[in-house]
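Two complexes, one shared chain (chain A), two partners (chain B, chain C).
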Partner chain A sequence: MTHQELIVKLKAIVSPYVQDEAAFANLNEDTDFVKDLKINSANLVDIILDIEDEFDIRLENEDMEKMLDVKSAMEIVNTKLNS
Partner chain B sequence: MKKRVVITGLGVVAPNGVGVSEFTKALKQGESGISFHQQLKDLNFSCQIGGIPKISEELKSKYFTDLQLRGFNSSGILYGCISGIDAWKDAGFEMNPDSELDYDTGLIFGTGTSGVEKFREAIYKLDDGQVRRLGSTVVLQTMASGVSAYLSGMLGLGNQVTTNSSACTTGTEALLMGFERIQNGKAKRMLVGSCSDHGPYVWGGFDAMRVMTYKHNDKPEQGSRPMSGTASGFAPGSGAGALVLESLESALERGAKIYAEVLGGEVNSGGQRQGGTLTAPNAEAVQRCIKGAIENSGVSSSEIDVINGHLTATSKDALEIENWTKALNKSGNNFPYINSTKSMVGHCLAAAGAIECVASIIQLKEQFVAPNINCDDLHPEIEAIVSKERIPTEKVNISFDVIAKASFGFGDVNACVLFKRYIA
Partner chain C sequence: MVGNDIVDIAQAKKESNWQRPRFLDKLFTEKEQQIIHSSENSFLIVWRLWSMKEAAYKLYTQCHPSRFYNPKKFECIIDGNSGIVKFQNFKCYVVTKTTSDYIVSESSLKLSKLKSKVVKLDSECLTNQSEFLKRKLITSASKRFYGSEVQFNIKKNNHGVPAMEFNNRKVNISLTHHGNYGAYAIA
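Showing the complex of A and B:
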């Protein structure tokens, strides 16, 4: 999966939880889920489950703790897909 | 000096009408909201009928955001929020996510249990070892105060926000708790009400107790028969009712529409003594509750024109009528008009008190007594103590000032409230 394809998929996954549409429109690797997109921190676990379903992978508690922005989410998903 | 308390907003989600105008129409026309449910039949219920409010996806999206509806499966919270928001808007306020926090308004919204279908989903996952797959929505939808948490956030309420629970007394008790808070000057406004989930996982336990009717599966709209000689148990219902209570001074100050005044009320328990049990009322305590409500309202029993009873269509209806006759010291032709909203909506359990308080206010405001449908064959034990014409089966238009509303619940708990017509 290319870098761009992965971003597009992640964007679709986080979309329903976003509370700041302007930040979402400018989403890039440095975008923070809570600080920038104003996603309710409780919804981060829902995003994790949606990512698991989309990519057919399993994310552990340690992965969840790191997955706070687009960049870390991409790294973790790529690692899981390539392992 | 205690503050006077009035009602400035109403909202209702009932099996026979969603919204105050639809519900009012249904009350006047004697429309039943009870229907047959294949799901109950498939699950081998004896009683296969029940009352479920009709809520379209389109209506839902007017009250909830897409995100709120994601993984949402709690019918009680759905009904509670719709009725609560309606009542709030009816009182002249807005629902705006950026509104200023209102420290003068609180919320007491009761329920029996919350999100049973959501809980069922969660239990299946848990038992399958999938606790990590529950997501974030289970707690908020299954905690008893879920409805209060959702609603207070939608409206930005900053006074006391809580949930009460006292079985089928819940809604009437919530109203009295809010009333007292305003009376005592602790809040200007209280949004009060109650809600109940629908469906087999709420109703199953009652079916097992054989307290729901199994004789009307083929004629569901005739199934809820309070005070009838052929009553054979209640028809289960669901929904929510909500009322905005407000100090009279606050209501007058902002020129609010006033539906009625809450004169006073009483709550007590029979303590499961003197014939009272977990499921049956202590008659003396019921009478004491009614008398206390009258006394606290500063009126005499002869001023009560209409009663909206608890009257569920079980064998206890005759005992309830007897309790009213003793508490009011009135019987025969001298007895007030009495009706049971349950003949049209079924027994909405934890939501019953609030839906029926809303029905009482509507009747008082619009000056009519709603019909007792399915009561053409009045129970002989009731007819022996109260004249048949005091239990109307057709709508009666009368001019009246005071209506008494009572609710009773499992655990031997009682609540009674008196409302008075407000004339500016």
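Showing the complex of A and C:
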């Protein structure tokens, strides 16, 4: 999957949980789920479960620990897909 | 030092589904899942445990500046309205208050009474809510520390941990909002 395809998929996944639409419109690798998109921390787990479903992967606790921004989410998904 | 977390019960029902597959397993230990399943009101226990973990995480990051997402490793033990949360070598006390509208938890290093003041938030806009809550906190702080409101400043460090500055003093605080409710605590 290309970088661009991955960002598009992630954007669709986080969309229902976003509380700052302006930050969402400018979503890029540096976008932080909580600080920028103002996503409720209780919904971070939904994003993790949605990622698991979308890419048919399973994320461990250690993977979840870093899942606070788009860049880390992309890295983790890529690592899982290539392993 | 103090950490707090509030859950708006109506909001939690609306925006989260704790019964979705793998949800509980991602956030809660085996023991916590047993407590959830054996409870008559699993929904309330889920969100009580969640608020305990969040309150404990906020206290932990005050003690150890950092930022991460690992709720499952914050292990809760419940005893009446209070409880203990452990994370690695860190341990704190958490008191919880549950009403029909919200669940609020507050963590501290020593067993203490709930200091958090709960505020009803009417504005739907998140920025307004958080500004409103900060104003309430500053009004309360100005009375407690006998200063005028302009002397108080709330700042977040690069890990997102807030603190209040006043006359070259730094006071630990905690702010939380969810749905139509917010709460602030001054250490």
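By definition in this document, the second predicted complex is superposed on the first by the 83 of 83 C-alpha atoms of A that agree within 3 Å, B and C clash if a C-alpha of one lies under 4 Å from a C-alpha of the other, contacts with A are read in each partner's own complex, and residues count from 1 in each chain.
Heads up, the rule we're going with is that a contact is a pair of C-beta atoms (placed from the backbone, for glycine too) under 8 Å apart; a residue touches a chain by one contact, two chains touch by 3 or more.
Only a predicted model underlies this, so the values are computations on that prediction, with no experimental measurement involved.
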Touched partner set for A:Asp20, first chain B, second chain C, both or neither: second
First (chain B), second (chain C), both or neither touched by A:Ile7: neither
First (chain B), second (chain C), both or neither touched by A:Lys66: second
Chain touching more of chain A, residue-wise (chain B, chain C): C
Partner chain in contact with A:Asp46 - chain B first, chain C second, else both or neither: both
Partner chain in contact with A:Ile57 - chain B first, chain C second, else both or neither: neither
Residues on chain A lying within both footprints (that of chain B and that of chain C): 17, 42-43, 45-46, 49
Residue ranges of chain A touching chain B (in the complex, touch as defined): 16-17, 42-43, 45-46, 49
Chain C - residues contacting chain A, complex: 7, 12, 15-16, 20-23, 26-27, 50, 54, 67-73, 126, 160, 178
Chain B residues touching chain A - in the complex, by the definition given at the top: 66-67, 70-71, 133, 135-137
For the chain A and chain C complex, residues of the former touching the latter: 17, 19-20, 34-35, 38, 40-46, 48-49, 52, 61, 64-68
